[in-house]
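Each remark here refers to the structure printed beneath this line.
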Amino acid sequence: MNILAFGEVMLRFTVAEKMMLEQSDQLTMSTVGTGVNLLSSLAHFGYKTSLMTVLPDNPIGKKAAADIRKLGISDHNIIYKGKNLGSFFVELGQGARPQRVTYQDRLSSSFCMMDADDYDFEKALVGVEIVHICGIALSLNRQTRNAALKLAQVAHERHKTVCFDFNYRMSLNEEISHETMKKRYQKILPFVDIVFGSQRDLTDLLDYQIKDESKLYQEFCHDYSINFFAGSKRSFQDGKKYFEGFLFHHDTIYRSAAKELNILDRIGSGDAFASGVLAGLIENWEFTDILEFAIANSILAQASMNDSPIFSKADVFHYVDTEGKNDLIR
Amino acid sequence: MNILAFGEVMLRFTVAEKMMLEQSDQLTMSTVGTGVNLLSSLAHFGYKTSLMTVLPDNPIGKKAAADIRKLGISDHNIIYKGKNLGSFFVELGQGARPQRVTYQDRLSSSFCMMDADDYDFEKALVGVEIVHICGIALSLNRQTRNAALKLAQVAHERHKTVCFDFNYRMSLNEEISHETMKKRYQKILPFVDIVFGSQRDLTDLLDYQIKDESKLYQEFCHDYSINFFAGSKRSFQDGKKYFEGFLFHHDTIYRSAAKELNILDRIGSGDAFASGVLAGLIENWEFTDILEFAIANSILAQASMNDSPIFSKADVFHYVDTEGKNDLIR
Amino acid sequence: MNILAFGEVMLRFTVAEKMMLEQSDQLTMSTVGTGVNLLSSLAHFGYKTSLMTVLPDNPIGKKAAADIRKLGISDHNIIYKGKNLGSFFVELGQGARPQRVTYQDRLSSSFCMMDADDYDFEKALVGVEIVHICGIALSLNRQTRNAALKLAQVAHERHKTVCFDFNYRMSLNEEISHETMKKRYQKILPFVDIVFGSQRDLTDLLDYQIKDESKLYQEFCHDYSINFFAGSKRSFQDGKKYFEGFLFHHDTIYRSAAKELNILDRIGSGDAFASGVLAGLIENWEFTDILEFAIANSILAQASMNDSPIFSKADVFHYVDTEGKNDLIR
Amino acid sequence: MNILAFGEVMLRFTVAEKMMLEQSDQLTMSTVGTGVNLLSSLAHFGYKTSLMTVLPDNPIGKKAAADIRKLGISDHNIIYKGKNLGSFFVELGQGARPQRVTYQDRLSSSFCMMDADDYDFEKALVGVEIVHICGIALSLNRQTRNAALKLAQVAHERHKTVCFDFNYRMSLNEEISHETMKKRYQKILPFVDIVFGSQRDLTDLLDYQIKDESKLYQEFCHDYSINFFAGSKRSFQDGKKYFEGFLFHHDTIYRSAAKELNILDRIGSGDAFASGVLAGLIENWEFTDILEFAIANSILAQASMNDSPIFSKADVFHYVDTEGKNDLIR
Amino acid sequence: MNILAFGEVMLRFTVAEKMMLEQSDQLTMSTVGTGVNLLSSLAHFGYKTSLMTVLPDNPIGKKAAADIRKLGISDHNIIYKGKNLGSFFVELGQGARPQRVTYQDRLSSSFCMMDADDYDFEKALVGVEIVHICGIALSLNRQTRNAALKLAQVAHERHKTVCFDFNYRMSLNEEISHETMKKRYQKILPFVDIVFGSQRDLTDLLDYQIKDESKLYQEFCHDYSINFFAGSKRSFQDGKKYFEGFLFHHDTIYRSAAKELNILDRIGSGDAFASGVLAGLIENWEFTDILEFAIANSILAQASMNDSPIFSKADVFHYVDTEGKNDLIR
Amino acid sequence: MNILAFGEVMLRFTVAEKMMLEQSDQLTMSTVGTGVNLLSSLAHFGYKTSLMTVLPDNPIGKKAAADIRKLGISDHNIIYKGKNLGSFFVELGQGARPQRVTYQDRLSSSFCMMDADDYDFEKALVGVEIVHICGIALSLNRQTRNAALKLAQVAHERHKTVCFDFNYRMSLNEEISHETMKKRYQKILPFVDIVFGSQRDLTDLLDYQIKDESKLYQEFCHDYSINFFAGSKRSFQDGKKYFEGFLFHHDTIYRSAAKELNILDRIGSGDAFASGVLAGLIENWEFTDILEFAIANSILAQASMNDSPIFSKADVFHYVDTEGKNDLIR
């Protein structure tokens, strides 16, 4: 199985020892992004993966590519051009003190400067079976939007399985009208087979007025010929945090159990869920097994530092089999 | 609003990675003290703050002053003299293993060597509306005791609002008789408007014999013409830890709800509460809102490394509004 | 009281900041092993301790010996020979993500290369009252097996109290038949006075068919003239982890209460329990007090970094007295 | 003496332990910039300093402001607006391996987004005697260019001493024609009293054709009514590195001796020299003493980590007095 | 150009902050080995590289493979089997205090356990033009010796360019007779085209009695049909250290100038030289240019942390062009 | 050989990565002092050593004792009493930037609080052959002065070899008159056999008026029946630093060659020299060999982090034999 992901790469700076930015000058750097996270997890599940992106043509770009290779992802579809890489700072949370993310300029990044026509999508798709596109590309700028759309179209025409992750964040789109954003998503969805998102993405962004969850997903999947629609959500009860997921396919919603969360670093939880679902679909597992596996992958990822999950299938199955109660492997 | 605090500055050495002193040589240093902590929090709430203290006239003193400025506190009232700064070591706790503090000599510090007459309190009070005095000065030595008392008196005469924090610690006063300590506190209280302390401070230190909490506070406030008396306390239930506070004013006790604690570093919890109460009094909030805010500030501070709270009002309100359930801000 | 332990020393490499091996190049090194852990704890309780082992005759061996001395253990019975020291990597766990231990070659270590006859056990036993032998020596190779057996025999003949810890791990013995392993344990047990192990060690390894726990221990202690048999175990309830222990003596099982665990680093929990039991037996405490103390020592050890407990008796009693609710000592 | 500097603030990320970016994820962050560096040094010489700049209105901006205060610089003239702060990575050098700087996007920074008219220069200049403007503002974009020019003009009209640092870097201006850059510098110079630059700045950027250094500086200072022109340069001899400086005033070149360099971190060497010269001019020292002091300040700065010099006058004099031969102060 | 290297991978543990093992518990880990170092450098020069080796089938093996990919080397020819990886500790030197390396067991490593017949050399050689074999394989054990020999033979038969590095170390062969070692080298040399070694390797190991360097190399290359023989050496003069190299081809010795060394970390200097020579031969540069480039690559590598050079051709040319005098790139 | 040293123990806090105190919060802690340093070196040379001192009876004291044991020094003569330990901060130097030491209060330390009569010197001297007393005890306070004097007397009476190190520092004695200090030294010298000091100690402190070095030492040794007088000094030539030593015995001055210094951390250089001299005297080496060895030990110590030398005799001989030119041991 050969999976290509398209998306922005970012530098993440994590403040040391659970301190806040004003408290420490010590940072640990990592290379992240929805595509990186998803492929890292899939590579650790044993699949061939390749990232299509643009990195700056300087030591930062080389560092990022080295990190990407380290995660087990091929760098053959990486283009080196320009000078900037988007970045963000992470202050880890503790109890009632939330983890905090502060973004630095993404729009001047090499990725955002790249025109859709400068990618050779045809060539990148040779031998690829699954293509993953992160919805953030629709929010960044015209270039990333066009590139994402073009890739979806080309991949769809070549009968690749196209996955798409809503990844819709208000804060990234404060200056864009609701109607504009809605149209952008509506434009790409017809080329997509597997969608990751939430109920709220359908009602708030796409303006579906259906309250019944099952009917809502049915209508959405019907409208855009979506084969699979999946998503995760978090809940709170008695001071504890839980994580659960759903998978909608052929008019049926499958649901996972809610599993307790013990968070070290929350970022990338959705990507970990998505890569779990993709692995399950690739392997043709039972849908409930897929969800159990995907939630387990995300639970483990949230109990680990950094965005990119690096758990093998055996690691995830170990969690499933021991119900997360084992606290020592040797 | 312009707040002046008077008190000792100390170096804090925190052992790395939750290790104990015998286990590691790696320390992280920070500059702390009740005055520093309180003003740091008030500065982050947006008020003008200034610390009156004595630091050694050497690289350690300069380092401490740099840290104090970094926290947003003016260093204009700092005097550089002598050679020593008090210090303590912190071993962070985990679960049933308590956080441990080991003090190193405080009595030979520059602060303790300074005579009351060598401070120019009059000048320091120009433009100041609130003065905060830490009760530890009453335990250290004659010089600090006299200086605290003199400042309270001068500030009171100039109609400043004088705040005083009992901060009474048995371990600091092992060689001083109960009667002596009691008299010291009784001497300063008549100049004070706002007092931070606990029920136990009144019964055990000041020898009040009243069991009813409300009547006790009434009597105490009446005896010394105290306008506000506030304090926090911690409790345990079903293996969980909670934190709550009270505010007594005009014969009424206001109480906060008990909020669950998830501690990273407990030191400074009282200072965080006190600065929250002061902010609320400055802003004339409802008393229950003041307590909710002050407890939230302290909950956040205890979930953070180091003694000095650095939360903005928005940070604290965010905790209040989300009931501490949000675990990611971006 | 003078205690000698015999066993392998290992280097432990802990990955920094709760990261996994693929995520970080930063390691913290420590010197560990069942003998080291047990003696470290006993030395911190105030007893004279000495480790009998073999370390490589190079800077690694000197580093290990320095660490051993630092823990308060005498290095006079350490032999320097050969070049290698066994080692393992530790990735700390978080919530549902288990702590993971990966061993590197132990069999080529200086300790495993040493013939039984090259030790001067007679000399080492002079002035010693208690000898502790770790059962792992039975699994490593012929040399360590013979040395352990010989020491047990010699110590028994000289009327020393001989302690033995099953420490049986399947993973270390994959290529050795059940019968072979069973015989090895059966061979050493007749020389032993105090045994640390579990119900499962008796049923699965020694093939006892008795289901009733009390009768099982009775039979076992009778068969090998064991004076004390003790062990600890962990349990899970309502998402919480607990730790408890038992001590069998003269036909009676004594049991501790189950105490809640909050784990920072689980390794060495059994050694912490064993050293607590030994301290109690040395001091002739009530059996229930011994168990309370031993469980407390292990709870604290599991809430601390590294394998070797460094708590004084006062530290452990503090936990017992405050029921683990105190979270700040100053 | 009260000095205001205007200029961009940047985040600096230094790779740990002299590693290169591909080799390590550990970074140490610091807050730098020509204005920050110069004022840090002047503040440590005992002068009142204030930085006029724009920082992002988020945790990064607050962190930068905290660092600026820590260096002893007033933050009262800092404006918080926008979201981005320019940054660069530093890989420290060793011997023949050069220190390497990689810039990340500066043009989308809060500072570059600020219109000249949005600054209240009049207010910022109240009480100020010396104004320093960094020439990089002429290269960044229209907004920074206009702001720098306007400030120079306003300060000149109010009879402030205006300092200007060429700080001309080819690499920042690859897409701007020589003539355009030349005109920009020619436009600001008439408002300037003290200029920091090099012979090459005059010949290559301003197109002076004079080969004789003395005549060249004479002509330049005459053309723009410059009172002082100063600069530093580095040289190599017999495998050693040297640093020296000149100061031109009233038709005379004063030159320092060349002092041997032992570099830990080269960045900020020019700012350290400039602040030394300014201190000397403020104190009316002999010109040769000024140069000796300024070179010493820069030698020390290059032997220290980070861009911002933090040496007191006493520290610099100590180097001068001991001829840099003392290697231990206690 | 496609280069395959065969050889052992090792974990390197470097003690932090130039401390010695007894002084610190902080280590930085890296993945090294002659093959890794050489391919890392060649990959950074822009060539396709692949490492043939055996890594343990556990988290350590995965970590090592991740590091290898990070360096730009393909992991497709890595076999995962067994449990152990050789390792060594590095204490960095300073001035007269030498850098110190302490090896831990290599002979029980997965690499040493692998039989020659278990490698699929034929498959690994498809598409490969240059094969590099490290001579250490001849010293380790029978398996590695046979594997190295078989690969040399197979590659030679398939007309690949075979490179061989003597890498002869007394300390690794203390128990093997001189004659035995000599025969091992004599057995592999007939299959080799390019040899890296020293004059001493020929006289002391292979027992050549020729004193004239030129005639010696002529005889050696003639005896084994060696096309290129190259090597580097270090010298001392007036308290300074120098590094230089030679290349022998068709009866002519080419020599580089001696370049001054400023060492941060000496290990891997020979591998850096060898990869420079290989790059030059691949590009058909003048022999003196090749040597200048190879020495420059090694000078830079010795001024950097860790064994594996990560300099691009541009980096090396920059050193050559600036004669190593530039100390800042931005 | 059994050596007892008497003296103050101090905590040393070294700022990380060659930063200055204002630049970093990261410290590395170590346990030092003239006695600790000297015994550490002698223990690493293979002698039995024991430190007589007082440490605080709290976690800091236990940490210090653990470090002392780690260095190979017996802790049996350590008394635990009081609460404070003297400390100092170290900012490492670079080139012309000197290393800087800032002391924190020593006079309130447990060591300074201890009366001479509270030590059991008789018992501590059992089995001891050499006693070392650090002259700093004469400067601290009455208690330490009396204790040092009493120990010298008792040891002398019991025919132990008494060593004494002038260690005279102006900065420690600013408030004590020259005559007072002189008398204190004159009082202890009659009990001493081996003295470490400098020419200046004799002329400036003891007021000898003799200019000829040889005659000066002759007179001094004669006056106090000193058997050996030894010392080291540093010099500068052509930008390089050198270190050399002398040993005076029976009217003859023996001198070492001056060896080039490459300093990482200068503190403890005198202690390293002294322990080298003591080792040589113990072993009855030739006087020139003793000096060569002692200088080598100090050169190595100054090229290492921290005060306490940890070089074996083999390490020192290696430097002597390779003339400090070897830069890699493996």
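Residue numbering begins at 1 within each chain, and the chains themselves are lettered A, B, C, D, E and F in the order written.
As a convention for this text, a residue touches a chain if its C-beta (ideal position, glycine included) is under 8 Å from a C-beta of that chain, and two chains touch if they have at least 3 such contacts.
Every value quoted in this text rests on a predicted model; they were computed, and no experiment measured them.
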{"item": "Labels of chains that are neighbours to chain C and to chain D", "value": "A, B, E, F"}
{"item": "C-alpha-based rotation, chain C on chain E, 0 to 180 degrees, nearest 5", "value": "180"}
{"item": "Per Cα centroids, the chain farthest from chain A", "value": "F"}
{"item": "Most remote chain, CA-based centroid, reference being chain C", "value": "D"}
{"item": "Between chain D and chain F, centroid-to-centroid distance (C-alpha), Å", "value": "45"}
{"item": "Centre-to-centre distance between chain D and chain B (centres being mean Cα positions), rounded to whole Å", "value": "41"}
{"item": "Distance between the centres, which are taken as Cα means, of chain E and chain B, whole angstrom", "value": "62"}
{"item": "Overlap residues in chain A, where contacts from two or more other chains coincide", "value": "17, 20, 22, 24-26, 28, 30, 66, 70, 100, 102-103, 263"}
{"item": "Residues of chain E defined as touching chain A within the complex", "value": "66-67, 69-72"}
{"item": "Chain C partner contacts - residues on chain D that touch it in the complex", "value": "24-26"}
{"item": "Chain C partner contacts - residues on chain E that touch it in the complex", "value": "13, 20-22, 25-30, 58-60, 62-63, 66, 83-85, 87, 89, 91, 100, 102-105, 107-109"}
{"item": "Complex interface listing, chain F residues touching chain D", "value": "17-20, 22-24, 88, 93-103, 169, 171, 236, 239, 241, 263, 266-267"}
{"item": "Residue numbers on chain B that touch chain A, as the complex places them", "value": "16-17, 28, 30, 70, 240, 259-264, 299-300, 303-306, 310, 318-319, 322, 324-330"}
